[in-house]
Amino acid sequence: MRLARITGTVTATVKQPALTGAKLLLADVVDSKGSVLEAALVAADTCGAGVGDLVMLAQGSAARMPTQTSGAPVDAAIIAIIDRVTTT
Amino acid sequence: MRLARITGTVTATVKQPALTGAKLLLADVVDSKGSVLEAALVAADTCGAGVGDLVMLAQGSAARMPTQTSGAPVDAAIIAIIDRVTTT
Amino acid sequence: MRLARITGTVTATVKQPALTGAKLLLADVVDSKGSVLEAALVAADTCGAGVGDLVMLAQGSAARMPTQTSGAPVDAAIIAIIDRVTTT
Amino acid sequence: MRLARITGTVTATVKQPALTGAKLLLADVVDSKGSVLEAALVAADTCGAGVGDLVMLAQGSAARMPTQTSGAPVDAAIIAIIDRVTTT
Amino acid sequence: MRLARITGTVTATVKQPALTGAKLLLADVVDSKGSVLEAALVAADTCGAGVGDLVMLAQGSAARMPTQTSGAPVDAAIIAIIDRVTTT
């Protein structure tokens, strides 16, 4: 999984039916200090995340394990809102 | 998923049978400002997208979740046409 | 999927049984102008492609959707021979 | 799989139910000399690994093969603690 | 798939049970001239490969198609020992 910072929202009217009602958030993959490692992923939210939150992203088929995304054409999902990253 | 700009079309006569009738579009992955992050992906269209459109791409097995691509040898599909990306 | 130029062939005697009879081709991922984006992938041919051809590659589990590669340990397959890439 | 050095821990209260009880560790992918190749992956532990350990990571659907991660939205798992890497 | 040169071996006592007996080899992804494209992957051997061999790697779910790796948490496997790469 990756740490990511939510930076925005994505709106689409014309889309696959399975995306109806999905909240699609724009996110940058970051390291533990917040430096951006990869920009502008779009992820389906399953946790009530919002802009500015530090979250955990699952990518690939893992993104369709949650009931909220099962069967949808989703390759990235927000699966946790991070409380704390501890490094030594 | 990724934001992508449609830049062209791809035509092939000799191809896997499951691709018959598929519209194959060339796309560049972009960030929220339109800067190209990754060039020249080919994606199967499921949304009626065309050249110049800003779209959402699903990659990997997610690309075969739509009924239009199910069972086809497709690792990238256009699953939405983007109306608006909002960043703060 | 990716555009790729076939650059060579790969021969192996000791291999997984499911690869027996497979034609394994060396390919460079290219953009629409032919610039190399990623070098030296090995892909299973399903289209009768040969050295010099511009082809479409499927990667990941998509590469095992064709009947020719189903069940084989294949993560890249040639699924079309490109006639034409049109960009504007 | 990849060699990785455990660098920290990640805590999340709001998360997918299937992650309850999972130990989530921050890891850097390294080469055989310990140089960092990719920073800040989050992996589910299945081996009792801790900060400072050199481990083996499985990524993608492989990360859900262990009984500890089966069905969870996990795309990276620690599947071994490395005793020794021998290069010539 | 990728061409790779075997550079070493990896030993682990604490590991997922499905890895018991697996030979884990360190490999560098190379191009047709032997230049390293990606360093330090760990792959499960299914071909009797050894240090110095030029092999073909399958990655992702393809790595679990061989009977030797089926069901194991393996995302990279050696599926052939390369006799010859011919480029023009």
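Read from first to last, the chains carry the letters A, B, C, D and E; within each, the first residue is number 1.
Note that in this section a contact is a pair of C-beta atoms (placed from the backbone, for glycine too) under 8 Å apart; a residue touches a chain by one contact, two chains touch by 3 or more.
Since this is a predicted model, take the numbers as computed values, not measurements.
Visitor: Spell out the chains that contact chain D while also contacting chain E.
Guide: Shared contacts of chain D and chain E: no chain.
Visitor: If I list every residue number at the interface of chain B and chain C, are over half of them used by both copies, so same, or under half, so different?
Guide: Result for this pair: different.
Visitor: Once you find the CA centre of chain C and the CA centre of chain E, what distance in Å lies between them?
Guide: From the centre of chain C to the centre of chain E is 19 Å.
Visitor: Using mean CA coordinates as chain centres, what's the gap between chain C and chain D in Å?
Guide: 31
Visitor: Could you tell me which residues belong to chain D and also touch two or more other chains?
Guide: In chain D, the residues touching two or more other chains are 60-61, 63.
Visitor: Can you tell me, using the touch rule above, whether these chains form a line, ring, star, complete graph or other shape?
Guide: Graph shape here is a ring: one loop, exactly two partners per chain.
Visitor: What is the order of the chains around the ring when you begin with chain D and head toward chain E?
Guide: So, from chain D then chain E onward, the ring reads D, E, C, B, A.
Visitor: Which positions of chain C touch chain E when the two form their complex?
Guide: It comes out as residues 7-16, 18-19, 24, 26, 39-43, 51-52, 60-61, 63-64, 71-76.
Visitor: Would you pull the chain E residues touching chain C in the complex into a rising list?
Guide: 1-3, 30-32, 37, 46-48, 56, 58-63, 65-66, 77, 79-88
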